[in-house]
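These notes are about the structure you will find just below.
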Amino acid sequence: MSHAIYTNEGDKMKTVLEVRDLVKYFNVGHLFKPKYVHAVEKVSFSIGSGEVLGLVGESGSGKTTAARVIAKLYEPTSGEIKLFGEIVPTKMSRKRLLKYRKNVQMIFQDPFASLNPLHKVRYMISRPLKIHRLVKGKEIESKIGYLLEECELIPAKSFLDKYPYELSGGERQRIGIARALAVKPKLVLADEPTSMLDVSIRLDIMNLMLDLKEKEGLSYLYITHDLAGAHYMSDRIAIMYAGMLMELGPSDEIIEHPLHPYTKLLKKAAPKPEESLRPERLVVGEEIPDLVDPPKGCRFYPRCPYATKICSEEVPNLEKVSSGHFVRCFLYSK
Amino acid sequence: MKYLIRKIMFLLLTIWAALTINFILPRLMPGNPAEVMVAKFRGKITPQAMNALKIAFGIDVHQNIFVQYFRYIQNTMKGNFGISITYFPMPVKSMLAQSIPWTLGLVGTSTIIAFTLGTLLGIKSAWKRNNFLADMSVPIGLFLKSIPYFWLALLFLYLFSFKLSWFPLAGGSSGKFIGFKEVLDILYHSILPAFTIVVAASGGWILTMRNNMISVLSEDYITFAAAKGLKEKEIMYKYGARNAILPNMTGFAMALGFIIGGSLLTEMVFSYPGVGYILYQAVESLDYPLMQAIFLFISLAVLVANFLADVTYVLLDPRVRSGGKE
Amino acid sequence: MILRVNELNAGYTWGDNLVHAVNDVSFEVEKGEFLGIAGESGCGKSTLAFSITGLLRPPGHIFSGSVFFMGKDLANLSKEEIRRLRWKDFSIVFQSSMNVLNPVLRIKDQIFDGITAHVNVDKEELLAHTKKLFKLVNVSSEFLDAYPHQLSGGMKQRIVIASALSLNPKLVIMDEPTTALDVVVQRIILQEIDELRRKLGFSIIFITHDLSLLVEISDTLAIMYAGRIVEKAPSAELYAKPMHPYTEGLMNSFPPLSGKRKRLHGIPGHPPKLSEEIKGCPFATRCPKKMPICENISPPYIEVEKGHFVACHLYK
Amino acid sequence: KYGGTLTLTGGAASPSPARIFNPFIPTSLYGVYVTYEPLISINPLNGEEIPWLATSYKWEDKNLKLVYQIREGVKWSDGIPLTSRDVVYTFQLMKKYPALDLNGIWSSGLQNVSADGPNTVIFSFDKPNIPVQAYISSTLIVPEHIWSKVKDPVTWTNPTPIGSGPFVFDKFSGSTYTFKRNPNYWQKGKPYVERLKFVIYTTNTTATMALAKGILDWGGYFIPDIEKTYVAHDPENFHYWFPPGSTILLLLNNQKPLFASAKVRLAIAMAINKERISKIGEYGYGAPAHPTALLPSFMDKWFDPTLKPLVYKYDPEKSVEILKNLGFTRGTDGIFVDKGGKKLSATLLTVTGWTDWVTDAQLIAKDLKKIGILINVKSVTYSTYRASLSTGSFDMALMWTVAGPSPYFHYNGRLNSKGSAPIGKTAVSNYERWEDPITDAMLRIIKETSDFTLQKRAMSVIEKIMLTEVPSIPLFYGPTWYEYNTRRFVGWPTKENFYCYPYSRLVILTHVHLK
Amino acid sequence: MKANRMNHKLIKQIISIFKIKKAAFGAIVILFFILVAILAPLIAPYSPSEMVSLPVQPPSWSHLFGTNTYGQDLFSRVVWGARLSLLVGVECGIITSIFSLIIGLSAGYFGGIIDDILTTITNIFLIIPGLPLIIVIAAYIAVKGVTPIVFVISITGWAWGARVFRSQMMTLRNRDFVKAAVVLGEHPIRIIFFEIFPNMLSLVAANFFGTMLYAVLTEASLEFIGLGNVNVVTWGTILYWAQNNQALMLGAWWWFIIPGLCIALLGVSLAMVNFAIDEITNPRLKRA
């Protein structure tokens, strides 16, 4: 198999994160009879400096799991993670782990659940500064203020002594972003940061993230199930289905010329008020495969309108179809 | 099915644990049964007679602990618990055989009544929330939950049996009758003790059931049932109570142990010839073989009742049946 | 006309707290109409749905206003009469399809009891009818004997819809029936609902926060904000020519799927809390076209063009 | 006069609903006492004897032979005649199974038991032992034709007893059992009562309630403030009489240095206010005991009046004086110290849950503190208490005397050095560890002679020892609990009509009849 | 008619106050008892074990709760009794909570085999009936003071708490805010004590009061059977002596009723606090 690093070959930018053949199984059985959920299966991608990689897939496809493995919340079952070209070992000393965490931060989906209801904003933002010893005693307060204002929580002072329940959803999510930014990370894993927010607020958060990216030179792994949102945010998009990466390529190309049948389906399903008022009819087969006992061949074949015999027997490789565009489908394999 | 197998395994494990606790306890404590026997005969006995009795009891302490354990398990399996000291020379087994039916009858029925009554009241009071009477169930339930059983029992005994002469003072029957009349007589004797247990035990059920029910009533499927235009009764029982009772099935274990504990005290107060009363005797005269056997029996009863509750739970909750959740 | 809602006010009270979740809402639904109601979370959509169907439970109350169903004022009906109307004349599908099915009852029993509560039919008829319903919503009838936990979310949703249609109601209210579902599944169900409506001819009130979805499928669209309907118009018109600044902002909040990527700007700020009293226009604090009057006087809800209602001081 | 169902206690000290009617076992139900009968019924309060299954007995052959004449015409309740063979069998059984021989008859010098014809039984001894006659006479006789078929009489519950007594077993149910009249009883015309209903109450509370409601005709319960809780409910018919049955002593461990001196023991004895103990600790039921420990019923017969001047009285000042004279000095806290500077202090052992004793002990501690001795009251479980007594690991303890038809039994148990042992070794009865050759000699004289004047002279010596040397301190008489109800039945023994000891069911139940 | 309705309304109001103030009422009663216990030497007019009056005197101004057959002042005894009874409750509450927390939190936090083992043990202890076990153990150890009772109650009473804490730990551990703290680089110890534990406090409190209630009742029962040390003064032993002297038959109802009511009152207030905390943690109940 070609060990392509699935980057956008056109740009010669520095790779921040590289993930290779990442696998994560969860044991959901018990002591005597283990049973595994194949949540992430051999996922590989990379993210360049200042780049946003959108990870799109339906619920349960393993997006969160992948992000959490990268965030070192879960141990990978196998696979390799490289940060700035350096392999990140599974087990690390606390010091090394802290160094890793200083570079990789995360924004969570649910702005309510991701803030401890018992802590004030001041405490929550000050913690990363203290853990990583970024600023000295007196400067902390001004640094917190700076961070909050950067996330458009203005005036910062009025937020310092609030508890999460006193904030609106959008404000809460901004706190989450400010907290992640506090350590000046290089990579931010954003796990559906807007899906719990109201439509009118969503765009604000997305714009904030894009602004911060430019200002701080951040890279994002932007996870979403909303294809349009991914397109808005990302330079490249990766499509996941049932734990596997199905297609990966530059945003515009994925949207305009989707190759994988699943990507096509997603595109069809996405609301497009601007195009026509009566959408075209979708025809889809059975439902999502069981991840405890995944199908032998392509994971999408049970729903795929183009499925052939081979699809049920073999897993297609993720193959390059054009510069920076990869797809995992027999329709395109040579 | 899997769930049941797991439950059976757990049941066996717990029985084993109870057995082992039972074995270890007397061995951790100072003193030995011989001393207890001297005590029992209050010095009336000569050393010669004493020695002869020791042999009759089959007390031999010079044995490897594992051999002892093995023997003990073997004997227990056979239902051989040795000879009672209080009721020498009655085998502990026959003492149990004699008293268990009484306890099962009294505690069994009153627990079921308490459970049913408490559950029904809990359901009603949750359904009719904000109604004066229904809301009174909370403070009343709290009060009942917090009074000592024995205290209530004595008070009832004094009031209803002594002062008002409505009920007999003691015993499980008057021993005067036979046939159907005897059954009535036994029932008559059991009313007051049963009443005590029911009063004291239903408080807890009212509260938990009310809480469960309130939780369930805020579930979407209740609103959905109302949206379907179902009749109130149907919503209350088929949708509300049916689901609210499920958590109680698992809470049964704790409560049952507690009730049985309380009913022991009740039996003591009412001189009811069940195991509680015998336990009291055993405790008073430090009759260890008897005490242990009773503890074992009560544990077993609770375990089995609990197992039955689990089985019922399986029947009531399809989610568990397919092994979905604990 | 199937339904008319007249200056409805509803909300929640407990202790000294008051949440005015539905504020002077009026609208009508015609026979066969697909009315979409869109609004952000917490703006009172569900409360509205509950109020219309009389399912609002304490601490929720209807404060004032009336709901006419086929010309009958629901407030004048007895509990029992309303009970008889439910399911038979109007039915409702909830937001949380995952939780509306009783986990301990078989699917078929839950469908049956909705039917038998209103009409007398024998077992076989019941079964046959239910099988037909299942076919309608594309669920294999082998799931009749299943329990809810054995079904996927999409399946449950379809079953709830099937149940809601079981007595051929004249109006079906759907409160975000698809939010918990995947885009693909969501899309499929939506398209099925629409087909059913065409086939059976009932009216739909479809509630969601996903405006872009509604624009595609509903006949008429109402936009709700802070407990009020701020704009209502035929979908196409609303999309093409939004009048209320809020609607306008909303339309701009959806990044388009295709086309060149360019920065969009949503609506800054956040909606007011319904637990606090709102003076003037509730959108005033966020409105780019705010005028002094907006701060003090609540704009009336008027028909600006035929079939196009809006509550904004910009339009007189 | 005939008929009626008399309700009485089925078991008191250890109420037991287990169906045990084995007369050799102390856990048996009270039914055995109306089923099986002794040779002679002896009143333990005054030694009076009523011939029962035996018409008479006498000592022969220099007190080495005890000969009983067995009554003729007695039948077991199954119709088979009772003969000397049954009597011999009963005693042989006890020889074969020592566990049945609770009173140790076979270890008291008895050599052989044999029948001489159907009506005579001869007990032969290797040395004289007069007092054992009481034990032999009281032994309940069992039928050979039944018991010889029993595999292990020690563990036999004998659920349906066959005896010679006035009542026969009827029915057993959970907490009650009944006996009915034996129509073929050898005492013609007796008993009068048709049926006995034995009931068992677990707690004294319910028993008291039952008495107060008149349910129980005859009770044997400790009842606090009995006038108010019982008698007051029907003063006409509710009566009680609590005759003293034993003496409760304050044992002083004579092997502890502090109590080695008779003067100290006397000082302690004189410092204790027995009146108060009797009134507060014992609810006035147990009268203060005579310093000789003699039961009131023995006084006339056994007390030597010349000893009267030696009888000490409550006199704490005298106690203090004695202690001062012994060279102890009082510390600032009022407690005496010995020459080594050690405080006079001791622990006093009682049994947990024996509430009256615990109160008594606290009163004693207060009394002794007043005269400068520090007492630490310690309540322990009964088995610990017994173990401490036998091994001698105690300073002071409360204890009772062994009951019997003469003071010999009381003194022999507590004072005979045979029953003593060094501290750390097991003493069988002489827990205070009084080891005195004179006492031993006197006890032997009483044991071996049947001459009353000789016995009385020896007894006088022991009484004097009790008064002057104070091996232990008699506190009060242990009452015999006895409540009776004359609503339905009359003929009960009373203080005035003292025809038998109120525990003697056999005698009482052959006397009592309908009103 | 009207007066009647007014009455009804009044009662309703009282109830609603009661409802809101459930926790407050409970807490006040508990505090009151604690105060009484602490200040027992100052409050009690007499020594609890001295004979200070004629026996069996009904309540009067000089003897608020009357006297018993020993002429002891029952008010003083009840006041002193509060001390030990509460002490037993509090000690059991603390020991049991610590025990439950250690077991529950370790099971919940570590998961895996540790969890399997601890959970099984917990479940076993949960099922084995407490009081009979306590009676048997108490019979063996020949109780001398209240300490063994505390010990026995604690070792048999921790299971429920452990189970509750475990499940709470499991849910909290998977909350996003805990994950967020991990990603930020917080030390695990700090996560447990600053992020997770504070969120469990209400549960810990509820469990504490629940255990206290259980302990106070169990202690009273044991003392009543005579398995405790009847020479110490607790509410349980007061009842024991009352029962032994047949207080009710003597007409000395005050001797029996008052300590029983004290137990019940303390019990109710503990249960109320427990219940109120329950309502707070379960928002569905709160809206009642």
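Per-chain numbering from 1; labels A, B, C, D and E assigned in written order.
By definition in this document, a residue touches a chain if its C-beta (ideal position, glycine included) is under 8 Å from a C-beta of that chain, and two chains touch if they have at least 3 such contacts.
What you are looking at is a predicted structure, and each value in this text was computed from that prediction instead of being measured.
Peer 1: Looking at the contacts, which chains touch subunit A and subunit D alike?
Peer 2: Expected: E.
Peer 1: What is the set of chains touching both subunit B and subunit D?
Peer 2: The shared contacts of subunit B and subunit D, listed by label, come to E.
Peer 1: Could you let me know which interface, B-E or B-C, is made of more C-beta pairs in contact?
Peer 2: Of the two interfaces, B-C and B-E, more C-beta pairs touch across B-E.
Peer 1: Counting only Cα atoms for the centres, state how far subunit D is from subunit E in Å.
Peer 2: The answer is 46 Å.
Peer 1: Distance from the CA centroid of subunit C to that of subunit E, rounded to the nearest Å?
Peer 2: 50
Peer 1: What's the distance between the Cα centroids of subunit A and subunit C, rounded to whole Å?
Peer 2: The computed centroid separation for subunit A versus subunit C comes out at 32 Å.
Peer 1: In subunit D, which residues are in touch with two or more of the other chains?
Peer 2: 203, 205, 209, 212, 353, 381, 384
Peer 1: So which stretches of subunit C touch two or more other chains?
Peer 2: Residues: none.
Peer 1: Using the touch definition from the top, which residues of subunit E touch two or more other chains?
Peer 2: As it turns out, subunit E has residues touching two or more other chains at 226, 243, 248-249, 287.
Peer 1: Once bound in the complex, which stretches of subunit E touch subunit D?
Peer 2: Against subunit D, subunit E makes touches at 49, 51, 56, 69-71, 142, 226, 229-231, 241, 243-246, 248-251.
Peer 1: Given the complex with subunit D, which residues does subunit B contribute to the contact?
Peer 2: 31, 35-36, 38-49, 51-53, 55-56, 83-84, 86-90, 94-95, 98-99, 102, 154, 157-158, 161-162, 165, 169-175, 268-273, 277-278, 280-281, 284-286
Peer 1: Show me the residue ranges of subunit B that touch subunit C in the complex, using the header's touch definition.
Peer 2: Listed in rising order, the residues of subunit B that touch subunit C are 130, 219-221, 223-231, 234, 238-239, 242-243, 246, 316-319, 322, 324.
Peer 1: Taking the touch rule as given, give the residues of subunit E at its contact with subunit B in the complex, in rising order.
Peer 2: These residues of subunit E touch subunit B: 8, 11-12, 15, 18-19, 120, 123-124, 126-137, 139-141, 160, 213, 217, 220-221, 224-227, 239, 243, 248-249, 256-257, 260, 263-264, 266-268, 270-272, 275, 278, 282, 284-285, 287-288.
Peer 1: Could you pull out which subunit C residues touch subunit A in their complex?
Peer 2: For subunit C paired with subunit A, touching residues are 40-41, 152, 154-155, 182-188, 191, 209-213, 215-217, 235-236, 239, 246, 249-250, 252-259, 261, 263-268, 270-271.
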